[in-house]
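Which chain is which? They are A, B and C, in the order written, and residues in each are numbered from 1.
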Amino acid sequence: MTASRRLPLLLIPATLLLLVVYVWPSLGLFRNAFNEVGPTGAMVEAWSLATARATFHDSFTFELTLNSLWLSAVSTLIALCLAYPVSLFLFRTDSRFRGLLAVVAILPMLVSGVVRVFGWLAILGDRGLVNTTLQSLGLITTPLKLVFNWTGVTIGLAESIMPYMILALLAGFGRLDRTLEEAARSLGASPFRTFRRVTLPLSLPAIALAAGLGFVLSMSAYITPKLLGGGRVFVLATEIFEQATTNTNWPVAAVLAIYTLILLLVLLVVSNLVARRLQR
Amino acid sequence: MSYLELAGLQKRYGNSVAVDDVSLLVEQGEAVALLGPSGCGKTTTLRMLAGLIEPNHGTMTLDGSEITRLPAHKRNMGYVFQSYALFPHLSVGRNIAFGLEERGVSRAEIDKRVQEGLALVRLSGLEQRRPKELSGGQQQRVALARALVIQPSVLLLDESLSNLDAKLRDAMRHEIRSIQRTLGITTLFVTHDQVEALTMCDRIAVMHRGRIAQIGNAEDIYDRPATRFVAEFVGRANVLPLARDAQGRATVWEQPVPVEPTQNADLFVRPQRMRIVPVSEPAGGDTARLTGRVLRSVFVGDHVEVLVEGAGGQLTVEMPSGSTAPTEGTEVAVVWPRAESRVFAREAT
Amino acid sequence: MLTRRLVIQSGLATIAMPAVLRAQTLSGQITLMSYAGIFQDNYTKAVIEPFQQAHPGVKVNFVPGGSSAQMVGSVRAQKADPQTDVVIMDVTTSSIGNLEGLFEKLTPAEFPVLNELLPEARAAGGEFGPAVTFDHLVIVQDAALNPQIAKLADLWRPDLKGQIALAAPPNIQGLALTAMTEKMAGGDYRKSIDAAMKKLKELAPGVNTFDPNPDGYSLILNGVAKVATGWNARAQLYSDQTGGKINALLPPEGSVFQVNTINLTAGSKNRAAAAAFVAHALSQGAQKAFTERMFYAPTNGMADIDAKALGRTAASPENRARMIPVDWNEILKVRDQWNNRWRREVIAAAR
């Protein structure tokens, strides 16, 4: 056997792990989606599409989908606007603190989601940093509602996906070359025009990659919408959890989980196609 | 007042000095090479001129007005980068049009000048291609056309030929030189390749450790190097350690040579300026002479290199090909005109 | 075969022996699953430790199971190979487990203590595990709130705008609040909740969160909210633990019982010890100890409980009179419907 033919052997450990911790439970999920639920919530073993049919006939499922998509789109956009300049700076800087700065930028990734959310509660709450500052400046009299609603969830989500997007952008900036910007400058383009005509178009593949990642992460985020949403924010992820752990309604949770999984797969494929197209 | 004047330019990065003190006058339409080994500060000088980096000290004046603090995009310099720096997301045509579009030139005029530019570099018909679909030489020419169509005040070429293979480089050398002459465009050409410098430029500034060691035309630099560095860097030279004999005469290989006796110095003679003659032939009044034994002769195509060994070392003589090389082991005399002798002190180390 | 005969004989002997004698022969481990935190701490002290003293051969492992729904999920997932012997959880989820065959039926013949229980405690589990604790929904408030809330209708006070934390359905606190509000508005939840929806919709814009995390008591103690819905037992305990920083109010308009049942897992690997534990948990002694420690109302009517502690539970005669009779099995059937109406009518009005 040649070395290249033995190469796939390297995939065996990961594949086995995936089979045990991912594929097997997913099959269980798949099975549950075909069960039914009795009038008081007891699960009835069956091979039926009744649960799926009822779930997709419920207009709330459609609402949840729109909520998830909208929340993900807005959070991703905000995170992108913040992550892009940071990444560009990190990509470019010759500072000897570059490594340190990069670590600082992705540090939130290393903090538990729950801890991060409580941090936001402390900052955005009625008696949090933002509201007390605005109040002491006399800009507002009653606190702004910044948590336990869509605003809070959007802010929290944008922050939580930002580090991932910074990493994706840094990885995707491959074609970005300082010399190309210098060439544009030498040809008469101002710094802004250089950004618009050279830097931005060349970083589009990275942006597509990062946006795709951010969107998928937002779609599947549970902790942030749950803890910052104050029970007002209904998205697919929170609904799946609620159905499974509060309503004991595993079949509906399974149907929604599979539905979300398919949505995410489609989104990933689309974002990859877009990124690849832009790469050309 | 010259067209382009650099005065006392200096660029430091922390404690290291990239460009120490560069002053240079360039006339309109002149092509000047900045020649030197890597790290001598030639590219830094070019980048300061283009406005891509700011000097710590010194001034730059173009056509009577100071441009030292002018941002790059307002300098109107055509810069051809070593890597060509073609925009990968734009077609060849859009690459060439870039500078014109930034100048707000009308569409019709842009189209016309892009066509002219393509014709100038003999790439007509390729405007729809993407840069990566072109060969290295073609990319080089697109970069040149892109820099030329903006009708720059100065054309700056940064090691522009170093990424091409030898044959293509030769062709491009002549092409660029003829375009430069035709357009009469003031050109600064950074290179580490002395052949490029010698063939493409009116004058050559040899740079060493952030300063200009010597500036002059090809003959000045080659035949009358001002410093030991120039003599060593440009062309080939036999470096023969000088000693002094009992009578106080300068000697090489324990044989007297007609130069001033100097402590800690070497005698530099170009191999092409030397001739091999039979030992029996007497020395002329204005020639220098050393005897030795032929170690070997190597045929290199356009000339023959003869390696001669003497009492204290070796030297190389270049004979025109076609002349009969002396057989190995023969005792010969090496002679050269006295005027071709240069003496440079050894650098204190 | 000797060994087999021995097993059968000793098995028969076990059944024939009186309960007291039987208990002495118990051994091994059993696993009890229930709520974490202060419930676990106090239940261990008041109920489990005395049981272990009485049965030195038995070790009771307390496994925190998360919410009731998560507990029934765990038992469901372990159906083929049960790892839990006894589960104490909310009646709304234990009834699901009962229907799915996850728990055993309990007979008065085997569990004479069932005859000591209050009728509603027996009724809660039907033929299955009965109620082991009663609790009820209270309005929890910051002790510094002035004036204090005296009735449910006070929640609509304008000065409380933005200060209210309530757990919306499908959380059972939300279901209980719906029934209470309907009663307050003069209706009956069994017929309609329209009046409750109308009132709650008015309340909604002033609600800080519909999903208090980790719970309403903590939000008040942290200053995030001034008023919250909560359960009496925990509210009383937190009040004691914080030196009276929060108060619990049983609204004069009425409240709803929350019922925890005790359930014997079908297929328990140490059924004898598990059954003994269930009997112990329902006994007068254990009921008294736990009520006096954590203010859950007893389900054993014969338990002789200190009057002071009893007054802080729903079991005191005055409090009992205020309770709205609720059949959780009926509410389960309308839970999804109530849940949807909350989302579309109440929470939607609070965006």
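In this text, a residue touches a chain if its C-beta (ideal position, glycine included) is under 8 Å from a C-beta of that chain, and two chains touch if they have at least 3 such contacts.
Nothing here was measured: the structure is a model prediction, and the numbers come from that model.
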item: Chains in simultaneous contact with chain A and chain B; value: none
item: Central chain of the complex, centres being mean CA coordinates; value: A
item: Whole-Å separation of chain centres (CA-atom averages), chain A against chain B; value: 56
item: Gap in Å, rounded to a whole number, between the CA centres of chain C and chain A; value: 37
item: Length of the line joining the C-alpha centres of chain B and chain C, rounded to whole Å; value: 91
item: Footprint of chain A on chain C - complex, ascending; value: 66-67, 69-70, 72-73, 76, 92-93, 95-96, 99-100, 162, 167-168, 170-171, 208-211, 213, 223-224, 329, 332-333, 335-336, 339-340, 343, 347, 350-351
item: Contact footprint of chain A on chain B as seen in their complex; value: 50-52, 71-79, 81, 83, 85-89, 98-99, 102-103, 146-147, 150, 156
item: In the complex, chain A residues that touch chain C; value: 38-43, 60, 121, 125-127, 142-143, 145, 148-150, 226-227, 229-232, 234, 242, 244-248, 250
item: For the chain A and chain B complex, residues of the former touching the latter; value: 175, 177, 179-180, 182-191, 193-194, 197-198, 201-202
